[in-house]
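Each of the next two complexes has chain A plus one other chain: chain B in the first, chain C in the second.
For the complex of A and B:
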C-alpha cells in the first residue's frame, strides 16, 4: 500500500471535502428546482385566475363569452361522479382487502389476485376510459351518464383503495384478533369489532387518496364520452355530464385569453377542493387515532 | 336411473352441508354469507383485468381484420381521420417516446438528487417538511400541468428561442410537455428511490464512514449501489407512468402525428390520439374509430411489460441484508 505524505493527504482530503460540499449543494439545488416549479405553477395560476373566482363564476353555466362563463355544471358533475366512485371503491375495495388479508389462503389464487391488483394500479387511466366506454356505456347501455362515469372512476380508484386498506389491516397485530377469538368471537365479529376500528384511519387515508386522484382525472372520462360543453346541471343518474377537469381542459384549448383566465379560476376551485378533502382526511384520521389511543 | 326426487334430495343435501358445517349453523350461516360477499368483492379486480384485456383484444381484432398488423407496426404515416387513410403507428410511438424519454431526462437527475438529499443529507425535521411538499407535485391533477406547460413554460421557451434565434419553437411542442411531465413524475422517482436508499442498512454506511469516506463517497459508492435495483425499478415505473400520461401531452404537445424526434415541433402521442378521436365526431363502429382500440392495446401492452419488468428487477436483483 502506497504511503503518502501528510501534506499530500491534506490536499486530497480538502479536495474530497470540496467535492462533497459541491454535491451537497447540487442535491439541495435539485430539490429547490422542484419546489420552485411548484411555486411558479401555483403563483401563475393564482395571479391569472383569482380575479375570476367569485360566486357568479361558481353558479354560472359555461358560455361563449369568457367573462360570463362559469362552472356550475362541471362542479356538480364532479361532485356526483366522484361521490359515486368513492362510495363504490370504498365498499368493494375494503371488502376485497378484508377477504385478501383475513380469509384468503396463501395459495396461488391469492397470489394471482395480488399480482393482478398491483398491475391494475399501473394501467394508464385512459385505458380505463376505453373499458368504461365499452362495458358501461355500450354493453350495459347506461349511456354516457353520471352512473357510467362513476363506475369507470370507481374501477380506476379500486386498486389504490385495496392496496391502502390491505396495508392498514396488515398493520393490526394478530394478538388483537386472538384476544377476540379467546372471548368466543367468530371471525367476522373479530374483524368487525376489533380489526376494522384499528385499521380505519389507514383505510380512510387510502380512500381519500383514491378520491383525490379520481377528482383530477380527465382522460378516462373524455374517452368514456363525457361532454365538454354542458349548459345544464345533471339532474338524474342517467343524465349526461361534464366534470371540472374537462371544463378546464376545454377552456385551456381555446385561443382567447379570457378563457385561459376562466381555466385558471377553475383550477383554483379544483385545487381548493382537493386541498380541503385532504385536510378533512387528516382531521378525521387524527380524531380516530385519538379515540383509539384515549 | 336417476329419479328426479333423488336429484332434488342431493341438491338439498349439498346446500345444507354448504351452509351448515356445525349444528350451530345459525351462528355460522352469516359468517359464510359474509365470506362469500367479501370474496365477490375481491374478484372484481380480476373481472376488471379480464374486461380490459378482452375489450382491447376483441375490438383490436376487428381493426386488424381490415388493416394488416405489419402495416400497423411498421408504417410511418398515421392519417386515419383523413380521406386517404394510412395506419402506421410509428409516428405516435416516436411522439410518445420523445415526450416520455424527455420527461425522464428531467425527472431522473432531479429526482435522484432529491432522493439522496432527503435520505442522506436532510436533517429529520427538514425532511418531514420537504417530503410532503414534494408529494404535492404528484397530487396536482394532470390537466393543471397541461395548463402550466402550454401557458407558462412554452411562452418562456419560445422567448428564449427568439433571443438565441437558432431554433424556432412551435406553440405546440414536445419539449415543453417533456419538461412539465418530468416535474410531474419527479416525486415518484424521488420517493421510490428514497425508499430503496433508506432500506440500505445503517451498518453499511457506518462501515464506510469508519474507513474515512466522506458523505458523497458513502452516498454514491455505498448507498446507491445497495439501492440500485430499487432505483432502476423506480425509473422504469416512472417511465411507464409517463408513457400513459395523457393530459399534458394532449394540451401542450399538439395533435400532429409527425414521424420525428425533433422536440421543437408539434407531435402527437398515443394517448393524445385516443383523446383526439374521443373528442371528435368520428362515428363509433367506423374503421377510424376502431383505431383507438388498436392504439389502446399497444399502450396497454407497453406499460404492462414495463411494470412487470420493474417488478422482476426488484425481485431478482434486490440486495437482501440481514
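For the complex of A and C:
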C-alpha cells in the first residue's frame, strides 16, 4: 500500500509536471531577455560604427574633425596599460595566493587577511584611482604615465587574481601534495612541480576575469590623470596616455554626430580587443588542461 | 631463519591531535625484509601509526607525539632530523592511487628528479616499473598521462614511483581498498616479491589480506576511552591461529569490527 492512492498520485503528478514546465519556461525567458539586450546593444553599436572601423581609424590619432579621428593612441594605451596590469597582478596575485594557501598558518590573522581581500575585490574602482594618484603619480613621482596607470589597474585586478588563485590552489587534492612529500620532495618542490601546474588553468581564469575588468575601467584612470586628447602614441613607460574607454567617453560627450560614430567604432575595437585577449587566455588554459589530462 | 636487526622500532609511542590522545604507548619492532601488517577496527589509529614512520603526520598542525620512532637505530623525531630525508628513505603508497597528472614516465622520474639523481634516469624508470610488474602494460605509452591507466595500474605505478628512489622501507596505507579483486591479487603478489629487497609495512582492514601476505601482524584497537593501543603483535600465523588476547580472537573471527 503506497502512502498516497493512485488517483491522488496521478492528479498530483500532472500538477508537478506543470510546475516543471513553468519553471523551465521562466528560465528560458530569463536567458532570452538577457540575450536580446545584448543583441540590441551589439546591433545598435554595429549599425552606427561598423563603417568607421577600418585601417585608417585604427592608425589615426584623435582630431577635431570627426571623420579624421582615429584610435591609435587609445588602443596602444589600453594594450600597454592592461598588459602591464595583467602581468603585475599575475605575479603578485599568484605569489600572495601561494603564501596564503601553502605557507601561512591558519589562524585568526590569516582569516582577517582573507576577508579583507574579498572586500577589496568589491571596492569601487574610483577608490583605486585615488590610491594610484596619491601613491604612484605623486609619492613615487611616476607622473600620469603608462606605468602609473598599469600599477593602478594592477591594484584593482589583484584581489580578483588572488581569490581565483587561492581557489585553484585549494582545489588541488592534498593527496597530490602528500604523494610528492612521500617521495622526498621539499615544500617548494611540491608547490612548483605539482600544485602550480594543476592550479594553473584556474589561475588563468582568474587573470582573464581580472584583465577583462581592467580593460573596461575608466574612472580610476581619469582620477589618476590619464589624458582625454592624446595626439601621439605612448613611446615609453613614462609617457602620458589615454585608453579606449576614456576615448570613447570623450567622443560620446561631443555634440557632433560624427564623433558618436567614432565612439561606436571605438566600442567595436574595444570588444574585439577584449575578446581576442580572452581567446588567447582560453587557448592557453585548454592547452594546459589537455596536457594534464592526456 | 636468520635473525636481523629491526628496521623500524617504536618505543612507548603516543600520538595526540591537539589535546586528544589517539594512540597510547605503542612499542613495536618491525623486521627487516619482512611484511608487517597493521590491522584493527576503523578508527583504531592504524594509518596514524603508519604515518608516524615517515613523519607524514608532521603535515597536520595539531599533531603531537611522545616516545620514539627509531629507523636503523636513529630517532627520526630527534632535533635536527629533516623529515624530507626520512621520507626519501621510507617510501609510501596511499589508500587511493594518487598518480600525478603527468606522464607515466614523469611520475616515476619525479622522486629521482627532486632528489637530484644524476645517473641513467630512463634506465632507473624502466627498472622501477619492471619491479612494480607494470612494464609490459605501459612500455609503449610512457609519454601518456598516468591518469589514463586503470585503478590497479595506477596503484602499481605509485609503487613504481616509490621504488624509483630506492627506499629501505615501503609503507602502504590500505593500498588495495580502492581496487578490484584481480588488481588486489596482483599487488599482493608484488608485495611478496618486493619483500625480498624491501621492508614493507601495510595497513589493511582486510584480515584475509593480512593473513595472506604478511609475516608479522600488529593488532590495534581502541580502549573504552577511545585511545588506541597495541593489543597484540607477533608472527602472522600465530596471531591468526592462536591469538593470545581474546580481543584479537574476537576481531579476527569477525565478531566485531
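FYI, the second predicted complex is superposed on the first by the 263 of 294 C-alpha atoms of A that agree within 3 Å, B and C clash if a C-alpha of one lies under 4 Å from a C-alpha of the other, contacts with A are read in each partner's own complex, and residues count from 1 in each chain.
Following the convention adopted for this analysis, a residue touches a chain if its C-beta (ideal position, glycine included) is under 8 Å from a C-beta of that chain, and two chains touch if they have at least 3 such contacts.
Please read these numbers as outputs of a predicted model, since none were measured by experiment.
Annotation for the three-chain superposition on chain A: chain B and chain C fit side by side. By the touch criterion defined above, A:186 reaches both chain B and chain C. Within the superposed three-chain model, A:141 lies out of touch with both chain B and chain C [touch as defined at top]. By the touch criterion defined above, A:99 reaches chain B but does not reach chain C. In the superposition on chain A, A:3 makes contact with neither chain B nor chain C. Chain A is touched at more residues by one of its partners, and among chain B and chain C that partner is B. Note on the superposed arrangement: chain B and chain C approach each other to a least C-alpha distance of 5 Å. In the superposition on chain A, the residues of chain A touched by chain B in one structure and by chain C in the other are 186.
Across the complex, chain A is touched by residues 54, 56, 59, 61, 84-85, 87-88, 91-92, 94, 96, 98-103, 110-111, 114-115, 144-148, 158, 161-162, 165 of chain C. Chain A meets chain B in the complex at residues 16-17, 19-20, 23-24, 26-31, 33-35, 37-38, 40-41, 44-45, 48, 91-96, 98-100, 103-104, 112-113, 116-120, 122-131, 134-135, 138, 155, 158-159, 162, 186-188, 212-213, 215-219, 222-223, 225, 228, 245, 248-249, 252-253, 260, 263-264, 267, 270-271, 274, 278. Remark: chain B residues 27-28, 30-31, 34-35, 37-46, 48-49, 51-52, 55-56, 59, 109-111, 113-114, 116-118, 121, 130, 133-134, 136-137, 139-148, 150-152, 183, 186-187, 190, 214-217, 219-220, 237, 240-241, 243-247, 250-251, 271, 274-275, 278-279, 284, 292-293, 296, 299-300, 303-304, 307-308, 311 touch chain A in the complex. Across the complex, chain A meets chain C through its residues 105-106, 173, 175-186, 189, 193-194, 197-198, 292-294.
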